[in-house]
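Below are structures written as structure tokens.
In the two assemblies presented below, chain A is common to both, partnered first by chain B and then by chain C.
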Partner chain A sequence: MIELSPLARKQWQRFRSIKRGYYSAIVMAALLGVSCAAELLVNSRALIVSYQGEWYFPTYGAFLPGTTFGLDYDYETNYRELAARLIEEDRGDWVLLPIVPFDPFENDLQAGVYPPYAPSVAGGHFLGTDTTGRDVVARLLYGFRIAIAFALLLLACNYAIGIAIGCAMGFWGGAFDLLFQRLIEVWSNVPFLYVIMIIASVMVPNFWTLATVMVLFGWMSMTWYMRTSTYKEKAREYVMAARALGASNVRIIARHVLPNTISVIVTFIPFSIASGITALTALDYLGFGLPPPTPSWGELLDQGTANLDYPWIVSSVVIAMVVVLLMVTYIGEAIREAFDPKQFSYYE
Partner chain B sequence: MERELWTLPGAWVRKVRDVTTVGDRLAHGSSWPRPLPLGSVATATKTRHWWHIDGTIARLAIRARVVLTAYFIRRLLLIVPTFIGISLLVFTLTRLVPGGPIERMLNEAAMANQSAAALSSGFGGAGGSTLSEEQLEDLKAYYGFDKPIFEAYVVWLGRVLVLDLGHSTRYTEPVWDIIRDRFPISIFYGVATLILTYGVCIPLGIVKAIRHKSGFDNATSAVIFFGYAIPGYVVGIALLTAFASELEWFPLGGFISDDFDDLSTTQKIGDVLDHAALPLLSYMAGSFAVTTLMMKNSLMDNLAADYVRTAVAKGLTFKRAVFRHAMRNSLIPIATSFGGNISLILTGSFLIEKIFNIDGFGLLGFESLVERDYPIVMGILVIASILFLIGNILSDICVALVDPRVKFGAAGDRGD
Partner chain C sequence: MPNRSTWLPCVVVLSLLGCAEPADRPTEVAVDEPLQSPVEPIRASGLPEHLPTDLIWQTNDTDPTFASPDALRGGTFRTWMLSFPLTLRRVGPDSNGSFAAYTRYIHMPLVGFHPVTGNLIPGLASHWAFDPDGKSVYYRLDPNARWSDGVPVTSADFVYTLGFMRSKEIVAPWYNNQYTAEVIDIKAYGDDVVAVEGVSAKPREELIANYQPWPMPAHFHKLSKNWVRDYNWRVEPNTGAYRISEVRKGKYVELERIDDWWANDYRYQRHRYNPDRIRVKVIRDVNVAFRHFLKGEIDTFTVVLPPLWHERAKGEDFDRGYINRYWYYNDVVQDPGGMFLNMDDPLLADRDVRIGIAYSLDFEYVNATVLRGDYERLETFNEGYGEYDNKMIVARRFDLDKANAHFTRAGFAERGVDGIRVRDSDGARLSFRVTYGAPPHTERLVVLKEQAKKAGLELVLELKDSASSFKQLQEKKHQIGWMTWAGQGISPTYWEFWHSVNAHKPQTNNIVNYDDPLMDELIDRFMASTDKAGRVRLAHEMEQLLHDSGAFVPSYKVPYTREAAWRWMKLPESLGTPKTEVLFNPLELSQAVYSSGGLFWIDVAEKQRTRDARDDGVPFEPVFIRNEDYR
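The block that comes next holds the complex of A and B.
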């Protein structure tokens, strides 16, 4: 168990006392957990197949050809059909399917009807399908996983660069500081979205290249805040005391300055995540994000607005976005409140 | 315990706004993250009753003005390297793309040939190049593809300096003419958003600050929180789905109806407003929350300041203390974001223009990117960059105008 400092414990208590943010954090953590284990909940592969006395767990690992279960094809088993068939044969074999037995890339076409299919519990598509017959729940969940992973990666890279360069700028100052000041000044004047769109139109980006490009244009703001707060902290007496005791620069930064700037960093995290999700969704919506058929909220938004006659597509993704962004913002508010208890005294 | 974001100091809101920029600005389309103007925000929030300056401060102010002029000259000079940097980067990129204008033209020619051949003789053309080598060279020379990238860039820059942005590869019209055609629509939306945002946010912020924690404050806070968390384009899509598609109260998009020319003047005005209602709401959603909270927080900061207490103690009415004293100081933070509007006015938003199919600047940029019409892409980049650079400087000038204590580029440059 990590021993929390009294201040951190107080901040944690204050955070917990803000119910909205605290519960949002719990729900968000649960959502993250669910999306990590998405294959167990939303997947076309069965969880467990009991066939002729043997048990199979097809969820992870290589695919099992249809011949495994006495079917007459070599490609991957269609577990929904297998389930129906085994029930029909009634020999004690059974299949346990996930709650939503569809994967995000699968076009579930029904004979005689064109997709999109409206939401129906009987059909297994709880939120309907998109225009090519892919399940909306599956697209939403896997899209969320990609978006949140993207946002977290962006956060980690931007903050690593921002903290390293910002600290160095604030701590050493001088020519290094000046150089980066000018660089940030110039770099932050780049028309960010437009340039990313141009780059994306040049090379069809994948997850990593898109993240690299976004980091390339997104590291400045954290750098700037870190520079300011390091500069403030450096001028405090405790840094002078540490120096007088013979502490090295590295020790002063790591042990004294950084822990005191942690509130700046923590406070911004939720908002950076929200902006990461929003940015990826916007790029996907415009068609300059991750290439199809990657499941993505932006792509669903695009489909939904192009097909307003099928409102379940656009409304599911809009509601999902609103809920997630509201929760992230609630968490952000609670953290900020916990770290910055300034009260207003005002004239009455 | 107070637990709402809008009761925290204005500086916090602004800091968060700057971090959230990637998403926020995406929602606004053409903007990009911008760190605080060097040293300005720290000074802008420390509000005092500044117009009672004595001789010393006045002398300091004069010295500050000299520093200020030097600062703005430096900022203006910085436009040049920034602009060259951005345009060289994008220019190089557009050169490296497969499927540039020449390939496009060759494809079109080949396809036209094929269908013509199919019509006349029944079998298709060779499918390859149908232009002679000489024609190809002419084309390359026309678009500057025959030169190395840097040389071509210098030629292009030289043309931009005399305001020649080249010809569109799609429409073969001059780029400037195409862009100019979109100005009225973009300016309409930009100015309307500007007026609505400031017209609603400033009074709302004042009322919320004075009636802090009242029922009205809490109710509007809920709406504001929503606008703060949800980006403008998602609001736009939600509005479009609900009010245009389901309820059919508003048209599905566009700037005017097809039968616009046949309408009477009042009908025309009604038609434009009918089309503009939803997009304007989405544009406002983007800046609404931040501006209102900034106004509320800075007014509350000032209401808590000693000079307001003093003013009331000396016998001023509360109303007069608020409107004559506190409010004037509270407008300073609002001024920091004013310059950003100039680029919003003209460049609008890729997202909102795409959602509502508004034929403005943003949609043009988006379409030309999709169609790989690089002269237009570069033309829009030039105009957007310059507007943004000027907007940033304008913001700083606004701050300096309303707040003479601001010292840019002087000792305050070190962050705080």
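The block that comes next holds the complex of A and C.
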């Protein structure tokens, strides 16, 4: 068990005392957990099928053709139909379906009634469907998973690069610092959106190419903060002491400087996540993001604004987006307050 | 997806005119600048020195008329466009935007096509004669033909056109090519006769459709190296019933009816082009434009798209008879759209794979669901050409058993863990990229994709912007291309799409790399033949070959137009002609070569009555007309 330092424990306590941020953090963590296990909650594949004495767990394995369950087709079993059929046959076989028995790609279409279908509990589409009959809940949840994964990946890469370069600039200063300052200034003037548009016109962007491009243009902002904090810390006595004891540069940065700049890094994290989510959503909305039919909030937003007559599409995604971004902001606020050394420094 | 080369037939016919009114002449500088040397024709002229005396001059004053004698002149037709044109020029950079429909079609063709009988009808030329060589046509100009500034149209204007279109100053490579590689020579015989020689012999209608030049007003244009810039906003004199009268940049363009238009009382022009004015307003969003229509600020609205027709074009104004709805089936060429399978791809080279794919695509299901059953299945590549259509062919319908049989024969018998077929021999997956450039089509493709999974076929959708998607297809770098060719002539085109000289190389329209000696032979015979019956037989044979190859999977056709119009907008009893593409088209032509527009009129008194009734809440009998005369 890691022993928290007294300072860290104090910060944690402060964070917990800011209720808004604390509960937001819990909800966000829960959402993350839910989205990781999305296949168990929102999926067209059944969780368990008990058929003729045998048990099947279709969720994660290979596809099971309809013939497995005595149906007359060899493509993937439609478990919703299977469930209805087994109940009808009443031979003790059963199917356990997820809460929302639709996956984000399938079109649940009925002849004679045209999508989008309005939200209905009976139809199983709790937030309705989009214009091709795909379940909005499924699109939202899987879209969230992709967006948050994208944001976290972006965060990790941007921070790794930004912190490394920023620290180096601050620590060594001089020509190295100057060179990188100019380099970053030049680089940050490349219009990012144009680059994305050009890339989207030559190739179909996927998750990794988009992430690469975003990292390529996103690592710069962190360098400035790290550079300043490192400059500040470098001049402190403890760094001099460490140096006098013969510590190497790497050790000084890793063991002494970085831990003392951690508050800068931590306070930025939630906002970086928020910007990662909005960036992907915006790109998808503009049509430069992930290719169809990838579930995505931006694509839903686009559909929703083009089909305002079907308000459930646009309202679902807008509400989801506002709630998530609000929670992230609350968390960020709470962290900042928790790490702010100026407050709470009173005598008892 | 519009593409320059596929527009060939219609653009050729429609874009050789020039004209305008000296409204805002810029001061001209540098008079004696040398011009660049023009593009040279590919071979020397074969036109005779003197006008042959044995020509058989033809005209047409016996076909039925198709405009309504009840038509009333007057009123302003208010319509809209998505963006303001970048130029008013007919040729040169930016001249192929949507406003080209106006800049081109306010010009009269030399000879038109009757929309009911398909026969030739007089235009700028009152008479025409065909040279026995099968390549040249002689036109006798109508002595009354006038530019909109009153200057007579003479043969000199046509000769000027040739030099104009060959010049590099107009910055129009397509026209440079058209007037050197396709039109070999234009020659004047006196003031009133002009001859046009094409590059190869064709049936007579094709000669007219492919080689007919439109005159450029010689008295208006002065070529210089600044021509593109200097003439960008100048209104060229024209020969049709309307002229551009007012241009408010970024806001609207207004056209006015020429009161004493020279062809006013001509047999096929009488009672047409009835509104006094046409105002084309910029509204930058379709939804906003529809709101304008519902408020009565726009007179008509095209509502072909299923959501518009079913969801938007209804409500009180429709139920109370203030806005009428029309569903009009026409008999026009259907743009060939669907999946183009690249036969140079190692998997798609196998015919069984291609046929299997055709059986795995459930177009009927897509139509019955997301398209609301409004569309119809396209059965063959070329459709809507009358006798040329091979009506025996039925496109392959979704059939899992047949798909299975073909895929199995191609070695794809087993399915992988994700349900997609894999080939036993080398583990290849039955998965293909579908490249397309029309975002609204995603709806159709995602449903096709999900249905195709049932057959063990994976379609990976690759949406690009329309230009780069088309480029990829032209470079033959796709596996499956989803697109529609636009542009149409009066008979089917095969050479550019299916001849092996266009296969296996970039930047041609044979995007499936179709390469079959038998097809080549048929195409060559088709192009050389001037006998219609023979050409029809060949077309049927070629269509069958295409169907058998499975290289093209046809998707949909929309053999009708659907329009909503306020009560005061009146149409003839028949609504339109078989060749009517848009009921409320104010100009003579639209995409096709048939003279079918300008038939409606505005009942100004009715307009006031409708407005009063609407204010007072007095309803009329609602009007919904579904016309299937030409289905």
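As a working rule, the second predicted complex is superposed on the first by the 340 of 348 C-alpha atoms of A that agree within 3 Å, B and C clash if a C-alpha of one lies under 4 Å from a C-alpha of the other, contacts with A are read in each partner's own complex, and residues count from 1 in each chain.
Criterion: a residue touches a chain if its C-beta (ideal position, glycine included) is under 8 Å from a C-beta of that chain, and two chains touch if they have at least 3 such contacts.
Note that the coordinates shown come from a computational prediction; the quantities given were computed from them, not determined experimentally.
Chemist: Quick one: is A:Ser315 in contact with chain B, with chain C, with both, or with neither? Answer first, second, both or neither.
Modeler: A:Ser315 contacts chain B only, not chain C.
Chemist: With both complexes overlaid on chain A, does A:Ala62 touch chain B (first), chain C (second), both or neither?
Modeler: So A:Ala62 only meets chain C here.
Chemist: First (chain B), second (chain C), both or neither: which does A:Leu301 touch?
Modeler: first
Chemist: Looking at A:Gly70 after the superposition, I want to know if it touches chain B, chain C, both of them or none. Which is it: first, second, both, neither?
Modeler: neither
Chemist: In the overlay, work out which of chain B or chain C sits against more residues of chain A.
Modeler: Counting contacted residues of chain A, the larger count belongs to B.
Chemist: Regarding the shared-chain residue A:Ser201, is it in contact with chain B (first), chain C (second), both, or neither?
Modeler: Both chain B and chain C are touched by A:Ser201.
Chemist: A:Gly133 contacts which: chain B (first), chain C (second), both, neither?
Modeler: Second partner only, chain C.
Chemist: With the two complexes superposed on chain A, say which partner A:Gly170 touches: chain B (first), chain C (second), both, or neither.
Modeler: Touch status of A:Gly170: first partner only.
Chemist: So, does A:Gly92 touch the first partner chain B, the second partner chain C, both, or neither?
Modeler: In the superposition, A:Gly92 touches no partner, neither chain B nor chain C.
Chemist: For A:Pro115, using the defined touch cut-off, is the partner it touches chain B, chain C, both, or neither? Pick first, second, both or neither.
Modeler: second
Chemist: Return the residues of chain A at which the contacts from chain B and from chain C coincide.
Modeler: The overlap between the chain B and chain C interfaces on chain A comprises residues 201-202, 287, 309.
Chemist: Could you list, by residue number, the parts of chain A that touch chain B in their complex?
Modeler: 14, 17-18, 20, 170, 173, 181-182, 184-186, 188-195, 197-199, 201-202, 214, 217-218, 220-225, 227-228, 231-232, 267-268, 271-272, 274-279, 282-283, 285-288, 301, 304-305, 308-309, 311, 314-315, 318, 321-322, 325-326, 328-329, 332-334, 336-337, 340, 342-347
Chemist: Enumerate the contact residues on chain C facing chain A in the complex.
Modeler: Touch list, chain C to chain A: 306-307, 310-312, 365, 368-370, 372, 400, 415, 417-419, 439, 442-443, 445-447, 449-450, 453-456, 461-465, 467-468.
Chemist: Looking at the complex, which residues from chain A come into contact with chain C?
Modeler: 61-63, 65, 73-76, 105-107, 109-111, 114-115, 131-134, 200-202, 204, 287, 291-293, 307, 309
Chemist: Within their complex, state which residues of chain B touch chain A.
Modeler: Against chain A, chain B makes touches at 1-5, 7-9, 12, 15-16, 18-27, 29-36, 38, 42, 78, 81-82, 85-86, 89-90, 93-94, 96-97, 212, 225-226, 228-231, 233-234, 237-238, 240-241, 244-246, 252, 300, 303-304, 308-309, 312, 350-351, 354-355, 365-366, 369-370, 372, 377, 380-381, 384-385, 388-389, 392, 414-416.
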